[in-house]
Amino acid sequence: MALNRETTQSIRVARRGGKIALEEAVGSPLFAAHQCYPPRPVIKGLQGLPFSPEFFADIESRLDDVNLRLESMDRCGIQYAILSLTSPGIEGVSDTATAIRFAKETNDAIHEKYVATHPSRFGFFACVAMHDPEEAAKELERAVTKLGAKGVLINGFTNLDDRDEKLRYLDAPECEPFWAMLHRLQVSLYLHPRLPPTHQQVLYGQYPNLVSASYGFGVECAGHALRIMCSGILDKYPVNIILGHCAEALPFLIHRADQRMLIGTPGSNGKHTKTLMHYFQNHFYATLAGIRRHSTLKNTIEELGESRVMFSVDYPYESNEDAADWFDSLEINENSRAVISHQNAIRLFGLDSEQNK
Amino acid sequence: MALNRETTQSIRVARRGGKIALEEAVGSPLFAAHQCYPPRPVIKGLQGLPFSPEFFADIESRLDDVNLRLESMDRCGIQYAILSLTSPGIEGVSDTATAIRFAKETNDAIHEKYVATHPSRFGFFACVAMHDPEEAAKELERAVTKLGAKGVLINGFTNLDDRDEKLRYLDAPECEPFWAMLHRLQVSLYLHPRLPPTHQQVLYGQYPNLVSASYGFGVECAGHALRIMCSGILDKYPVNIILGHCAEALPFLIHRADQRMLIGTPGSNGKHTKTLMHYFQNHFYATLAGIRRHSTLKNTIEELGESRVMFSVDYPYESNEDAADWFDSLEINENSRAVISHQNAIRLFGLDSEQNK
Amino acid sequence: MALNRETTQSIRVARRGGKIALEEAVGSPLFAAHQCYPPRPVIKGLQGLPFSPEFFADIESRLDDVNLRLESMDRCGIQYAILSLTSPGIEGVSDTATAIRFAKETNDAIHEKYVATHPSRFGFFACVAMHDPEEAAKELERAVTKLGAKGVLINGFTNLDDRDEKLRYLDAPECEPFWAMLHRLQVSLYLHPRLPPTHQQVLYGQYPNLVSASYGFGVECAGHALRIMCSGILDKYPVNIILGHCAEALPFLIHRADQRMLIGTPGSNGKHTKTLMHYFQNHFYATLAGIRRHSTLKNTIEELGESRVMFSVDYPYESNEDAADWFDSLEINENSRAVISHQNAIRLFGLDSEQNK
Amino acid sequence: MALNRETTQSIRVARRGGKIALEEAVGSPLFAAHQCYPPRPVIKGLQGLPFSPEFFADIESRLDDVNLRLESMDRCGIQYAILSLTSPGIEGVSDTATAIRFAKETNDAIHEKYVATHPSRFGFFACVAMHDPEEAAKELERAVTKLGAKGVLINGFTNLDDRDEKLRYLDAPECEPFWAMLHRLQVSLYLHPRLPPTHQQVLYGQYPNLVSASYGFGVECAGHALRIMCSGILDKYPVNIILGHCAEALPFLIHRADQRMLIGTPGSNGKHTKTLMHYFQNHFYATLAGIRRHSTLKNTIEELGESRVMFSVDYPYESNEDAADWFDSLEINENSRAVISHQNAIRLFGLDSEQNK
């Protein structure tokens, strides 16, 4: 064979199949997803975020279109997706009774539209109303045992009033029934980012896009995860929590957080009994949703181990095509690629052969 | 030689000399450093932060003790330290005239106490009053040209009133004279973290220590750096900015921030003309202050290159001894160790042979 | 808590238990291990290698001393070791009938002395006489099914005459019965280095120590592994092969070998049907025997994946104490450490709970 | 901007200019390059190596074609190449007088054809006849001072007879005048691989391609480099040595070689006074010639530091196009890319602005 002496200035991607994606958004039939607090179930659209109209139009056309989604998954070697209600979802519906009703009806709708119709392609994470943790636990149980939900996804804090002033994070003592049910059912929680509350947004100054996915979403979500660790709830209910975006920079900084915890006064660190790193390495999984950078992936693997990192996209907010081209061309060994692509997800979610072939 | 068959369960550290440290705090003779806004120059101590009394007592005893500092530096192979006024410093003095006066007198005092007395061991970063950027520029010029300051250190936002409601970040258009002077003098800015403003602290819930160095400091500082990038000021004045703590997780997440910038509406991203990664790789340096984790160091080197990462400690808030033992025992090649330990700092600050022997 | 302000210039090691070691040498009761070709069963000692008398004396005192071994394992958190006859072992006994007899009797002796007596601490890899591959297969079957051998260890080439001129490598077609039996029994082959044959030693010039473990052993063993890949035997019998010393630099160079294979004339590459990398990633495991360098470990993980790298020492030729101190203090996450320390070995060798508690 | 929703299953390469390549082969007007020992200056072609006819034909058409070379360099963003006589070159001409004459005339010819004609695109490494080290030193001096050679390239051992039985490696005491001149001129030695001598080839069994670049070349060259380190010559003449192929796996294994050196008897290790790692990190540079694998590059950077790793191709034996596409699309920061691409070479070879613009 003679050597290649030409260039198209491109690197060919060998497409790999069988990928499983875990942070994949759908809408609710009951309300437009975005900016829904105060509850505005009739408002159509995604106004308010500093995203371009072209971006929004594309998202809207894809959020609830099963065929576009399946075609894209097929192009990208994504065999199976675990779907969830897009952020802020139920958490942004500040009226408790409405939230409870919407969660239940949304779970039924997602199950019917996606999972029952395409069982070999779709699973789902339930949504629940953390406004009433007892009800959230009940709906979680129903969704898992009756509808086959693979776990639950929570979009950060829950609005308890219309003005963004009463927020419930998952470290609140009131949430314990929810954690107890997670543990009893042995299913995982996906903790998803959400636009930081109004009073946090000042940090980002004149640059509204910094508030959103560019930086603020990640900060909000990582802070939430740290609160959960600090609360000690994982000592009582040792469940698994999944974070997107390679765990929102926690792999990079959690070691330092632990060091600084040592200088706190008694009580300033919460009730947890172990290091933050311990909780991170024993109770957290990271997905690649939104990440296309090898150094970031490596740092994540180095702090969590290969067994706790999983492929994902965040469709339709991210491009399946870009994500798959990047992942399939990553210069890593094929054993690790398979572990991250699907083997970890198969093990964690107990996916049977039907769902992943 | 027979093999070793014993163990003391420890790894011996081969101490290396010649290290240069860059985020090393001293007090001001004019006021107690911490929690000084509203200006409370007579208040003694470091109350308010959720740090343990033992930690505080140790810090207080060391912040202004030259001999303890030098003894520790000697033990740790730190030849030279560039000192700076501890956070929040001048930035927390909300009265403009007072701030201007304190900055000038503090620079003189630090120069006299440390630099003039021990020129082969200490340099300093000036403090300036960003309350009045013209005055800040003037004092910067004086400090650099008359006192030999190696640059300037800013502790995040500047309080412009007593109630934490008017904050000035360095992306404010008013700050341009300061940037222009930095550029004219060709010196670097060290952007240091500061306790997030009150309205940000809600993020950290019931865990006050999370607000402080454990997580909140880094988020505040990285957000500030991103604002500077977004402002476009680096297009006009291409200066160098130094960040501690391995650049506050920016190496991990800046690639994603760039991706998400692409979906913003016109104007939502600021006036910058290049990618955030471009500014990061061309205008930022990272120090190891506060970091003792190889994976974090590696991620930082992978995104900035070996030529933009520098040793540091954050003494007395961090332990020289722990930092030096970790750094000197790091399993890296000796060429890279020397580059990070001191060669980059010698080049960046034009340190002559006297100062580093 | 106040910060630490002292240094003993050492990093404390937190000893981890439960480690499993896989390249651990013992002697044969029938002959002195070293320099045994031509067969010199009565020769005592380890003459001929350029090792210091102190080193040799220590090795001799430890090779067959169960108590010294167990004490060292206990000190080092090594729960379980799979033992094997030290190099060159049976492979260096050039008379076929003698080799067959010695293999059988040595397996019985190792089993009785170690495994039967300390079943929770020791397993073993059988030795076999590749001089007669049919006999080798038979003895392998006996050792696995009757004595519970965990697989087989081969010390490189086999001497078929007394003058180092007829050498049998495992890619020889004659070896097929051995591979067939490996496959039938579903056990692994540990391919161990051996002093390169005389005519190779010229490469190392005036420096006899370069021939030995310093460089020559690794080259010889990696070359042998490449021959096995090229032979195509793994297409027919897809078994697992374990290499020590982080797979003898194959992780670093096998990608290049594959590239260069493409320019060969038909037939110059052997009968294999897939890339060398394919065989490497699907049929090889690497152990840490003899390696104490993080960058080498990382390269190995990057090419094989975390699931194919396993702790080991090479006792008594290496120090359990040095290996354990290094491994236990490695700055890696605890999930990966457990996988490498013992979880992979438990899975690969089907170790039950009794053997690893 | 809407997200990309299409895929061509390829990753676009952003071509970077300014690259410098250092292991780039040309022929001699006096003899065909390959298989030239015993000296067969009239033999045309590259017979004997197990390379395919298509590969050979392509090499022959390119080895001496300036225009094809420049066109390819232009396509690939390679601004400047330091050329050298292809292996085995002068080293394979066993007659001393002939070798001396050929070296001189070849240097003149390469200088005239490439360097004098295209000074902004080409430099060269001299060839010399190590058969007579005094003459080699003289010719090196002439080539550097009169012809502007950037250093010297040696293709491994030198044949001193026709039958491959008397070989001279650079650790031979006779070579001292050559080392002294290298040191006096302050130029670098590129140590290039060569087909292992006949008696080594048995290692590779039935697979002749394993002997060649697939594995044997690298082993031979790394062994040669270790001999040089062991000889102690670098203690006396601390010069720089460049190795291709990411330093032939030395980054991966040299730490272990050092460990094993400690068990040698006095005299078995050579006369060197420092660790092998010390020589490696202080006197060696690695090039990317022949390497297209990120993990291998990383391991090399981790052991040598970013300042001692340099781009190269090994044209025409490797493809400029493949090398440039790989290197330009490597997911590394742009600072490190520039350092490796050309900045290190500019510094090491004192390339002035004319040669690299």
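Just so it is clear, A, B, C and D label the chains in written order, and each chain counts residues from 1 on its own.
Methods note: a contact is a pair of C-beta atoms (placed from the backbone, for glycine too) under 8 Å apart; a residue touches a chain by one contact, two chains touch by 3 or more.
This is a predicted model, so every value here is computed, not measured.
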Which listed pair, B-C, A-C or A-B, reproduces C-D with over half its contact pairs identical?
-> A-B
Determine which of the two chain pairs, A-D or B-D, is joined by the larger number of C-beta pairs in contact.
-> A-D
With chain centres taken as the means of their Cα atoms, state the distance from subunit B to subunit D in Å.
-> 44
Roughly how many whole angstrom separate the Cα centroids of subunit A and subunit B?
-> 34
Compute the distance, rounded to whole Å, between the mean C-alpha positions of subunit A and subunit D.
-> 50
Would you pick out the residues of subunit A that each touch at least 2 other chains?
-> 1, 3, 52, 55, 263, 293, 295, 302-303
The answer for subunit B against subunit C in the complex is residues 1-13, 15, 52, 54-55, 57-58, 72, 75-76, 293-295, 316, 318-322, 324-326, 329, 331
Listed in rising order, subunit A residues that touch subunit B in their complex are 50-53, 55, 167, 169, 171, 196-197, 199-200, 202-210, 212-215, 218-220, 222-223, 226-227, 230-231, 245-246, 248-249, 251-253, 255-257, 259-261, 263-266, 268-270, 290-293, 295-296, 298-299, 302-303
Residues of subunit C that touch subunit A when the two form their complex | 1, 3, 262-263, 281-282, 302-308, 332-336, 339
